[in-house]
Amino acid sequence: METAFIIETIVKILVVLGLFSALAGFATYVERKVLAFMQRRLGPMHVGPYGILQVLADGIKLFTKEDFIPQGAVRPIFMIAPVITAATAFIAMAAIPMFPEFTIGGYTVRPIISDMNVGLLFVLGVMGIGLYGPLLAGMASGNKWSLLGAARTAIQFLSYEVVTGLSVLAPVMIVGSLSLIDFNNYQAGGVGEWLVWKQPIAFILFLIAGFAETNRTPFDLLEHEAEVISGYATEYSGMRWGLFFIGEYANMFTIGFLASLIFLGGFNDLWFIPGAIAILLKVFFFIFLFIWARASWPHVRPDQLMWLCWKVLMPIAVVNVVITGIVMMFF
Amino acid sequence: MFEVVAFYLFAALTIVMFVITVMSKNALYAMSSLAAGMIFISAFFFLLDADFLGVVQIIVYSGAVMALYAFAMMFMDTTKEVKENNPPKRIVFFLSGMIALLLVLILLTPIISDKVKALYPMSDEIGNTEAVGIVLFTKYLVPFEVAAIMLLVAMIAGIILASKRMDESITLKIDQEIEQKGAE
Amino acid sequence: MEKYVLIALFAPLVGSLFAGAYAMKPKRLITGIVTSALLFVSFVSSLILLFDLLKTEEAVRVKLFDWITTGSLNIPFGFVADQVSVIMMVTVTLVSTLVHVYSIGYMEHDKGFNRFFSYLSAFVFSMLVLVMSDNFAGLFIGWEGVGLCSWLLIGFWYYKKDEPKEVNPSISPSWAANEAFIMNRIADLGMLIGLFIIYWHIGSLDYNVVFAHVNLLDIAIITMMGIFLFIGAMGKSAQFPLHTWLADAMEGPTPVSALIHAATMVTAGVYLVVRSFPIYSQIPNIGFYIAALGAFVAVFAASMALVNTDLKRIIAYSTLSQLGYMFVAAGLGAYWVALFHLMTHAFFKALLFLGAGNVMHAMNDELNIFKMGGLYKVMRWTAIFMIIASLALSGIYPFAGFFSKDKILEVAFDAQHYILWFMLWVGAGMTAFYSFRLIMLVFFGEERYKKYGFHPHEAHWYMLAAMAPLALLAIVAGFFEEPFEEFVTQLLPEYHVHIHGILAVALIGLTTLIALSGIALAVYKYSHGGFSPKWKETFIYKLLYNQYYIPVLYEKLFIEPYKELSKIAWKELDLRIVDATVDFIAGIIYKSGFAGRVVQSGNLSKMLRWMVIGLLILLVLVIVYSPVR
Amino acid sequence: MSGLEQFQDRNVSQNYYKVKIEPYPKTPWEKFKRVVRKSLKPDLLIGLKITLLEMLRFNIHTIQYPKEKLPVSPRFRGIHRLLRLLESGNERCIGCGLCEKICISNCIRIDTKPDENGRKIPTEYTINFGRCIFCGYCAEVCPELAIVHGQEYEYASEQRAQFAMKEDMLTPLDKLKEQKEYPGFGAPTPAADKLIKKTPLAY
Amino acid sequence: MITLTHYLVLSAILFSIALVGVLRRKNLLMLFFATEIALNAINIAFAAISKYYGDLTGQMFAFFVIAIAASEVAVGLGLLIIWYKRRGTIDLDSLQTMHG
């Protein structure tokens, strides 16, 4: 039993690591293509048919590029920072149930690495730890643009973590559990049972905060070229930069999974679509949404970002929680 | 088996991290290793079936408190080595070593009687989070509210302290500056 | 009914706190309006209590909480609204409501507007505590409270400089405030001794308990009680040896004089004597002494008022004189008469002061009546009000003063103290004379103010409106004599006058005659240019004008020896013995501090090291004394 | 009004209209209202709709450059070309040195010698393309239309030597037939004669 | 088997490390760090006792300790930054204005 458990866990970890690394790479291809189409361009076309091998080419380039460390940097921290980003992004996935249970040769597999009863908080917490990657990178680089990027990281992540937490609080109150599997099971009754109908405001807030936490366009201030060169990543090159990149895309997938599980019915069967496919469709919708928004919207100023967080989103989230509480108490 | 391995592994990691924090010349090393140590400590909480405490440790301590430290450190040059004239090592290590020794002695001798009764026994039926919630909002409601007010006060204090005018306080002024102000 | 008691008591406090919140701010009209409104609430509650008491004849008692409970001493915060205190409450709240409204206009341009209303309302609260308390301790709190508020209000313009007499005949407000305060403390010491005696012998301060047990005590002890309590009353009511502060207290704003130094606070002494009638009725000797002193003050003060040229001081002396009348009544056992005169006097004296305030306002705070004259043309309403008040003061039928004052004269005659009666009779004539001397000099005759370049004008309509109810009461209050007597004597002992028929009519006639002749003399003399300047050279005039040289006497007799004594105590006693001892001890501490300051370097790191050493020691102690067995 | 007239009409003020700029919010409450107003107005969604529609229409304008190239304007100032006389095949350059003089970046060098007929011919003609700024003065000043700008714009090279080869610029003899009389920047336009006649002269 | 004693000893060791930091360091920021270590060491002891005596009170105290740490950081860091802005150093010796 114990050995089987260990083997199963290791296999799951490897699958998640490999799959999501690959998916992150693929997502970059998708992003470039979709952005290009939305801007009446073609995107990568040369490597492979329709540029599909561009991912591979990028990978080769990143791996073979010189790993450059500036003289003024604090070496160990500088080196470890990208690993933190990537690692936390993957650790956060440990508590996410990706698919419904399935059996292979009479052995039931639960596609979740660790089912803990504080799963949701764990995911959010570990994603919060992800802020150390950019933060330490910026502080260790010995470069003022990096430092500015790090400062922006700190304020943006810290502030929007509050909104994420508060917006998720209302669904948590309704479901009465922090385990994501419970969330999924709560919405098993079909589209009508989805929490998004009960908590539309929480859903929107969660999405906005998700954009901010994954450092996506309207809120991509950490590495905004016109202002801080490339932010915390200014001094990075090669695979270390690639790790930041993978971490970011993995975080996008995490947010996609979270949003699907909490608000959009998770991996329950949707009409004729089996659950596994349904959740993949939802996650890819969210990925597409991230890209779509990047193509459509300009980004905001840092002070607007803070203002939006503390004076608009957080009060709305608090009011939402209070109203939810009142409704639950009296009805 | 797992527990033993995990305990010793994390104990070693934590101790190493904290020793780095305490001994390091570089503030950035100290901060990073401290943050790492905090996360490793949350592992103990998970081992001790205090899931919620562990998650809170990660979110609050590592996520917020240490990030605040990092943010404060951005005001200083963290890549430089911290220069300080440390007190003589012998005194420091003698004092701390003695205290460590005494503490271990005290804790190893079973002076804690076995008759301690659980006031709020943990039940297996409900999860840790729920149990914590129940105790927190019944027996510890008043301390909880007081803690909330304390946090609010701290928040307001932090905001006021960080506001622009505060570094011009008259009480902190050096005499020269005061005279200068008077002359204007 | 309890809630009305509490409302009546605490509404002024709320108003005071509200106005006090704005104390340091520039003028806010709202403070005046709110405090006035709250006082009106208090007045209405008092009226409700009064009518309730008329119907049920049962006193309302409220016990808020225990204040002091140590050993056998138990002093609760208890309040009672019985016949006496309700009368006082109604009077106090009515007068103070009107004074508040009046002050909105009077203090219009003062920078301490909000502060003024805070103090004024605080005074009313203290006064209500004084009259409503059901024990001597509460009364004493109120007693001290009104003293404090009086001090604050007399010294309201504390920033005015203290100038020598040659430059400015009046003294500085802060000096006056301190004088009043110190005089009152001297008297309060006597009162405190009285309270101690009561507690020592009876073991309680509650009125009911005290009055129930007082007749069981030795007559000497009761006499002591009566004397010491009366010393307190003397201070508050400014009776003879302690009377100087009242005239000086006129340095405060005029509404303060109207409210505190005419209508309410100074009558507290009378109230005290009336309230403790069971004590005083045991000791008629002391009562007679009180009456004699009262009669003396009545004439004494009236005589000083005859020649004074200061508008407010004349009225202040008149107040003194009237307080003397009240003490005569109280001393002779006619407590309800004293209370009745207290009430009517409150109305017309407040009216008189408010009128004086109008005149002062019109004359830019000029107080010398010889600089006024002919003001009737510009200040008709004020003049009418003041004439009404003066008529009431002089005791002319049908004004209120006639009924109450005449009753006192009757009582004096009836008690067969004919000398007292004669003094009071003379006093009545003097009262009439100086009242109308004032009226004539201020409102009629030559328009002297034009020489000094004043431009008088009538006061605001609402100030006049605030005076109107007082004027009305000054006219009609006397007709309530019968119901008043009936109401009050439910609690106070009845006093029947045995004079009937011709004798009574003759007495009334005599009194009216001297009052009328006083008026006639004043009107005649001052409409024909007043007395000749030669009169000012006479000894009598100088004596009266300098207040019988009593302030000078006090200066020589008490203040200067005290200064000498203080000097000796400072130079010899304090410096040589006390300071030397203290310095020696300080020296030891200094030296040890020098030696030990190495530890207290202010260096956190070093301090932390000390802390850890302490922790180490504690841990060693834990090991040594470990509870393992 | 036709397109050209409309373009040439300088009296633009009649078409001016004022853009309504709402006053900048001052109080926090106004700021909040503005955010609500802007959030509830479907501006953000309209942005999304536009990009989505563009994607679905798939109206791509990309030129896949190495495979496709856009035509170049005749007045484009690319790599210089040295021309020959069409009839004889001799170089047009007479070695006057005007181009050398006028070149503002000093990148032209000419060496000349008299030939057997006593005429001056250039022995060396180099343009340092590392320095040339393609201003076109040399072509404009040339009295013989010997040097013009060609259409070549792919300059990149790995060797410095390739930036100054006279052989590369000079029309090769076998391609003489393909050389046009007025090929690029610096040559008069084909209709130059007509335009000159229209110019009124004082004499 | 891991017993309560293991956790308590670990807690004691961590606390002593914090003590070394408190005694040794002169940089105010480092002092703060050492304080955090001390608080965490205590938290481990609380959670362990809570587990081995089957009582949630220990965990409650750990929560309150975390709340206190958060408040301390908010206020302490504000003061620290002000001090740094004014003096350009956060060395403990620079805080000393008395001569002792």
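Here the chain labels run A, B, C, D and E in written order, and each chain numbers its own residues starting at 1.
Keep this in mind: a contact is a pair of C-beta atoms (placed from the backbone, for glycine too) under 8 Å apart; a residue touches a chain by one contact, two chains touch by 3 or more.
All figures in this text were calculated on a predicted structure; none of them were measured in a lab.
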Reaching chain D from chain B through chains that touch each other, fewest steps: 2
Pair joined by more contacting C-beta pairs (B-C or A-D): A-D
Chain centre separation in whole Å, for chain D relative to chain C (CA means): 105
Centre distance in Å when chain A and chain D are each reduced to the mean of their C-alpha atoms: 48
Distance between the centres, which are taken as Cα means, of chain B and chain A, whole angstrom: 28
Rounded Å distance between chain B and chain E, as computed from the means of their C-alpha atoms: 5
Of all residues in chain E, the ones touching two or more other chains: 19, 23, 26, 93
Where chain C touches two or more other chains at once, by residue number: 605, 609, 612
All touching chain pairs, where touch follows the definition stated at the start: A-B, A-D, B-C, B-E, C-E
Touching residues (chain side chain A, partner chain B) in the complex: 72-74, 76-77, 80, 116-118, 121-122, 124-126, 128-129, 131-132, 135-136, 139-140, 142, 147, 150-151, 154-155, 157-158, 161, 165, 177-178
Touching residues on chain D, where the partner in the complex is chain A: 28, 31-32, 35, 44, 47-48, 50-52, 54-55, 58-62, 64
In the complex with chain C, residue positions of chain E that touch it: 19, 22-23, 26, 31, 92-93, 95-100
Chain C contact footprint on chain B (complex, rising order): 87, 91, 95-96, 98-99, 102-103, 105-106, 109-111
List of chain B residues in touch with chain A within their complex: 26, 28-29, 32, 35, 39, 46, 51-52, 54-55, 58-59, 62-64, 67-68, 70-71, 73-74, 78-79, 127-129
